[in-house]
Amino acid sequence: MLIGLILFPLIFSLMIFILPKNLTKYATIFYSVFSLSWMGMVVKNISSWTNPFFTENYVFSSNLPSSLLLVLDGISLIPILLTQLLIALILWMLLANQKEDKSTYSLIALMHFGLNGVFLCADALGFYIFWEVTLIPIYFICAIWGEGKRMPITLKFFLYTFIGSLCMLVSFLYLYQIQPEGGNFSIANIFNVDMSATARFLVALGIFIGLAVKIPIFGFHNWQADTYTSAPFYGSMLLAGIMLKMGLYGMYRWLSPVFAGPLCCDLQWYIIILCIIGVVYGAIIAITQTDLKRILAFSSFSHVGLIAAGIMTFSHSGWQGGLLQMFVHGLNIVGLFYIVNLIEQKYGSRDLNKLGGIATQNKWLAIYGMILVLGTTALPLTNGFPGEFLLLKSMFEYQFLTALFAGTTIIWCAVYMLRLYQKVFFGEESKLVLSGDSSLSSIEHFILIIFVLGVLVLGIFPQLILGLSESTVLNYLTQK
Amino acid sequence: MLMQINHIVPIEHIITLSCILFCIGVMGVLLRRNAIIILMCIELMLNAVNILFATFSAYNGNPDGQIFVFFIMVVAAAEVAVGLALLVLIYRNTRSVDVSLLDRLKW
Amino acid sequence: MEKYFYLVILFPLIGFLVNGLLGSKMKGTTPGLIGTVAVFIPFLIALGVFFNYGHESQPILQNYFPWINIFDFQANFSILIDPLSLQMTLIITGIGSLIHLYSIGYMHDDEGFARFFSYLNLFIFSMLLLVLGSNLLILFIGWEGVGLCSYLLIGFWYKNEDYGYAARKAFVMNRIGDLGLIAGIVLLWSYFKTIEFQAMAIHAANVDMSDPVIIIATLCLFIGAIGKSAQIPLYTWLPDAMAGPTPVSALIHAATMVTAGIYLLVRAHFLFDLAPSVLNLVSYVGIATSIFAAIIALRQNDIKKVLAYSTVSQLGLMFVALGVGAYTTAMFHVTTHAFFKALLFLGAGSVIHALHGEQDIRNMGGLKNEIKSTYWVFLIGTLAICGIFPLSGMFSKDEILTVLFEKSKGLWALSLFSSLLTAVYMFRLLFLTFFGTYRDDEHKKSKIHESPMVMMAPLWVLAILSVFGGILNLPHLIGGESYGKMAHFLDPIFSHSKLATEHMDAGLEIGLMALVVGLVVIIGFVLYNIYVKKESLPKPDMSLRGVEALVANKFGVDELYDTVISKPVLGISRFFGQKVESAFDGISGFFFVAGFKSIGNSLRKIQNGNVEFYLILMTGSIVVLMILQFLIKI
Amino acid sequence: MQYIFYTLAFFAILCALFVVFEKNPVHSVLYLILTFFSIAGIYVLLNAQFLFIVQLIVYSGAIMVLFLFVLMLLNLNKDTEPQKSVIFKTAGAIAAGSFLLVLVAVLKDTQQSTELSAMTDIGLVKQLGKTLFTKFVVPFEVASILFLAAMVGSVLLGKKELY
């Protein structure tokens, strides 16, 4: 069952090359619908909502200390759902853009394969391998279809993430190594070891660095804005929408079990401080940026910092809020990137100073944009609020003043998001906007409506997502 | 004729002998520039390892070690044949068997 | 009737959706009618419920679905119908429908007609959620929702960048308060493990006075209230918010939304009762704001700005009342203020409408002959706000002053000063606008026309309410047997309150009342002398000197915030965005580029192509590895 | 009995040293043959009779003769023998010496099983043949392919027209 989620993308990414060119479109539609319905079937078959929902183990060789151990529980279900949804949407966006390059679809499917693997695999080595697999397609996507100084930027991104994940690998290998005879890489065994406090600290630090680069957390974030800006729109979406969630997911699954002992307590505190610095730092930078994609990059940086901080408090509301916010942030940021892409496509620029007055020309785009912006600003009854509230709650319960500092994000976010909206959609129409094409095709409407519905429905019924992970998170935290 | 060497000579001594021979081989490879001598020193090292195999085989009563020695000899023979052919080729090209003349191993 | 109470919330939402999605296709005034009906029906329902609601009735809790329900946090989507929320609902829907009706006339030729009504309906929806929410989180939904609508409506004419700026300013300043509110909610949750008002009230009965958590929590809630109700230091957005259409100023920025802060404090009074120090702070902030804003209002020349500062000042007065624990009194003033301030704003709107957009009172004058009807309602509004007997403002304001006189003579004196200032700027506004002679050119005068019936009808209704609003809560002295109706109605809410007020000596009360009314009348005559008899005019901005210039310039608070907050933040933002980010680039560049380059350069020398050298290196490395293996025994 | 072993060992080491330090390549080859003989003697002591024979026939007989042939073919003598610089020589000697040290140190540290086997007939051709043609039959067959490859390779490399 779960293996399907991993195999089909792989098969598709290879198959598409042998298909004739005129079938690409239909194959892609079929693939996206199929993977969504497969996911639906998986969810439908969940009989009991206790932990874990499904476990599948594929052993290649009994001599290997590692096997393909797939586990679906509440924590992995949410990023998995997000992945299926966003990959399908991104594929549809590409189809709407009349992109006919087979290799793009193939790389996205490969990405899909890697992402599903990362979220499902409960074997440290397998996790690491899938983690690196995702790096390959995104590297090519950014390097081939990027813009500007794409090569050095992509290289920077690659080096950052790769060096980070090597640190993680070292930690995993160490954890494997110190196990008694007959140990393996499965999640149950790998954390079930005795370590000195120092060793624990170093292991936690190694894993953290690997995750921190991907998330990114302040200090490891330098690659982010440049990469988001230079990547093609679907690259930015994959990066901001899903790849970033890999790091957050890793915090739940692979970082939290290591945390114990006094040194790790210190580390937890430092990580939270870094996250919160990132929250405010990113938000403040976003205020004066003029490139739409850059604003979104820093906004994403700021939001994710809060999620990471909430997770690191190891409290129930922090974890639940983090999971909800992971889903929501993925949805919102991809929606916003899509709107930016549409603006760039139709009006030829994404510079704030060259845009303006789109609301007059393209009413619907302005409405969709407004709802997504409000979702990002965490207005109640949009999807951003419940998660952000729970995260802030966990922070406030952890440390009041730090939380107050982190909480200023809701102010900063309002400042830069409304500035963005004002400059792009309000005001007098700029030359570019007047000369641009101000219509939306029906498929563009369709995709945007999905995002908007996501914003509103999850805002009114956040329990839809929270309920999925409730029992798992409860289990996890009580065991801890 | 069958003897019990394991009652007479401690295994450490044979291992040490093997180590010494091996290191002499290494030294030869490092000190000499004549390719033929280097090849010979490699043979010496192989033989040092062979002694080790044979020793463990004898001390553990397991014939597998000796089979390995046999295979090593097989490979050594093949290696020498090809190696010497290469040497002849080198000599034909450079009129020398000096390995320090071969400094093209960089890009 | 109570069963269908959800319709009260639902109708404005439906109106919003219909107008928002289909409004652009409708013709004429249809969207306006839809919008008005969507608010008027809830008013009728609320009225029905109100008449059913006796003194003995229990508050009704209607639970719809769990909004957030996780292990350590639960918040239901539920509403609470009790006297307080019912009263607020009536104010909101009642005045809301009047203003909707008015807007049909005011906005009739605006291209965003349908959009305007959809926003207004969304506002009513949010505001109802705010007052009806049974827990702090539902209240917070409404709280932010009204902030959003305020943003949308201030920036309604979105092509104008300045309006957009004012809108953003309002939203961001509200957000500062919202952060405080969130912090307060979380603190209260972790203290009580519930955020339902009723449950909290029960728990609060067992809490010690001045519990530190409660003090911080109430402080946080108060910060939220400061943001929403435009008190010092977060008041500057409200005058700027006058950029929006005038009905918006009347509905949102005078009658309803800005009183949300007062509502919050009243709603959470059982917490504030436990934190006397915070209550003191509330009254200090209130009185400071009241006087400060009143002084600024003295030198404003924009008809709407004067009213805006007046609103800030009146809100301050309400906070003073809250600060001494006179919750009913504050609510009474909220109600009457909603009547006469809406009336004044709508009247001002009518003036602006008549003058085709002119807002500067220096260019008005003598309008009482041109637009008689508007003049009369505006006069009623002015008299009401100044506190002339027997208009509604007199009763509510007098009640505040009476309470203050008992609690604290100092606060009483300051409040009295503030309400006298109210009389000064209001009479000044009235005289400059309607008396004397028209000061702009004759050409424009000919175009002045009275507003249509659809605008005047709501004005008259409000005028009647302003006149007779005092009946709602007559003092014992005048009302006799039927005194203090509102106080009785709200009584169940405050029965726990430890700071309930007592009745004071009748003679003293009459004396105080007479003193205030007398002073106001004297001020009225003095100003009539100055502005009507002598026809002295406000000086042009340029010729102002010293204190006057400072007042006219609103004490330079906007500029102060600009230099102290906005500019440094922008500077920091640029500094981070350019300098710090490139420093990060530099560091990573150093490691990734320069570091690798130099390592590569030095390692390249080893790669000399010499076989022997390689051999030695190889042996050496093996040795090193073996030594390592030997030393590190794992 | 142990004296035979130590004598053989001493002789092997001596000859090996001569292999390295002898200037004339032909002498080196001859010393190497002597080393191989001594090693063959040690095989006998280790009850590896089959290996003893193979060592003599294959190594001393076939392989070393091949070396001599090549030397003859290339016609190298002492004058053409290249010499290394002193730095390389010392570096090489030090590297090899420390290698020996480390090897010995490491081996000293390892634990040997004290259990000794009493079987003395495993080195006989019959025993080895059984093992070779049952357990190791696939590698044995693969070895023939290796030889074929080596043969083809040598012939190809030795052909003059190649370049």
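By written order: A, B, C and D. Residues from 1 in each chain.
One rule holds for everything that comes next: a contact is a pair of C-beta atoms (placed from the backbone, for glycine too) under 8 Å apart; a residue touches a chain by one contact, two chains touch by 3 or more.
Bear in mind the structure is a predicted one, so any value in this text is a computation, not a measurement.
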B-D compared against B-C, more contacting pairs: B-D
Centre distance in Å when chain B and chain D are each reduced to the mean of their C-alpha atoms: 4
Interchain centroid distance [CA atoms averaged], chain A/chain D, Å: 61
Centre-to-centre distance between chain C and chain B (centres being mean Cα positions), rounded to whole Å: 92
Chain centre separation (chain A, chain B; CA means) in Å: 57
Chain C: positions in contact with at least two other chains: 612, 615-616, 619
Chain B, residues touching no fewer than two other chains: 26, 30, 33, 100
Chain D: positions in contact with at least two other chains: 84, 88, 91-92, 95-96, 99, 103
In contact (per the touch rule at the top): chain pairs: A-C, B-C, B-D, C-D
In the complex with chain C, residue positions of chain B that touch it: 26, 29-30, 33, 99-100, 102-106
Chain D - residues contacting chain B, complex: 1-2, 5, 9, 12-13, 16-17, 19-20, 25, 28-29, 32, 35-36, 39, 42-43, 45-48, 50-51, 54-55, 58-59, 62-63, 66-67, 70-71, 73-74, 76, 80-84, 88-89, 91-93, 95-97, 99-100, 103-104, 107-108, 112-113, 116-123, 127-128, 131-132, 135-136, 139, 143, 146-147, 149-151, 153-155, 157-158, 160, 162-163
Residue ranges of chain A touching chain C (in the complex, touch as defined): 156, 159-160, 177, 221-223, 225, 281, 284-289, 315-317, 320, 357, 359-360, 363, 374, 379-381, 385-386, 389-390, 392-393, 396-397, 400, 403-404, 407-408, 410-411, 414-415, 418-419, 422, 425-428, 460-463, 466-467, 470, 473-474
Chain C to chain D touching residues, read off their complex: 612-613, 615-616, 619-620, 622-623, 626-627, 629-630
Parts of chain D lying in touch with chain C, wherever the complex brings them together: 84, 88, 91-92, 95-96, 98-99, 102-103, 105-106, 109
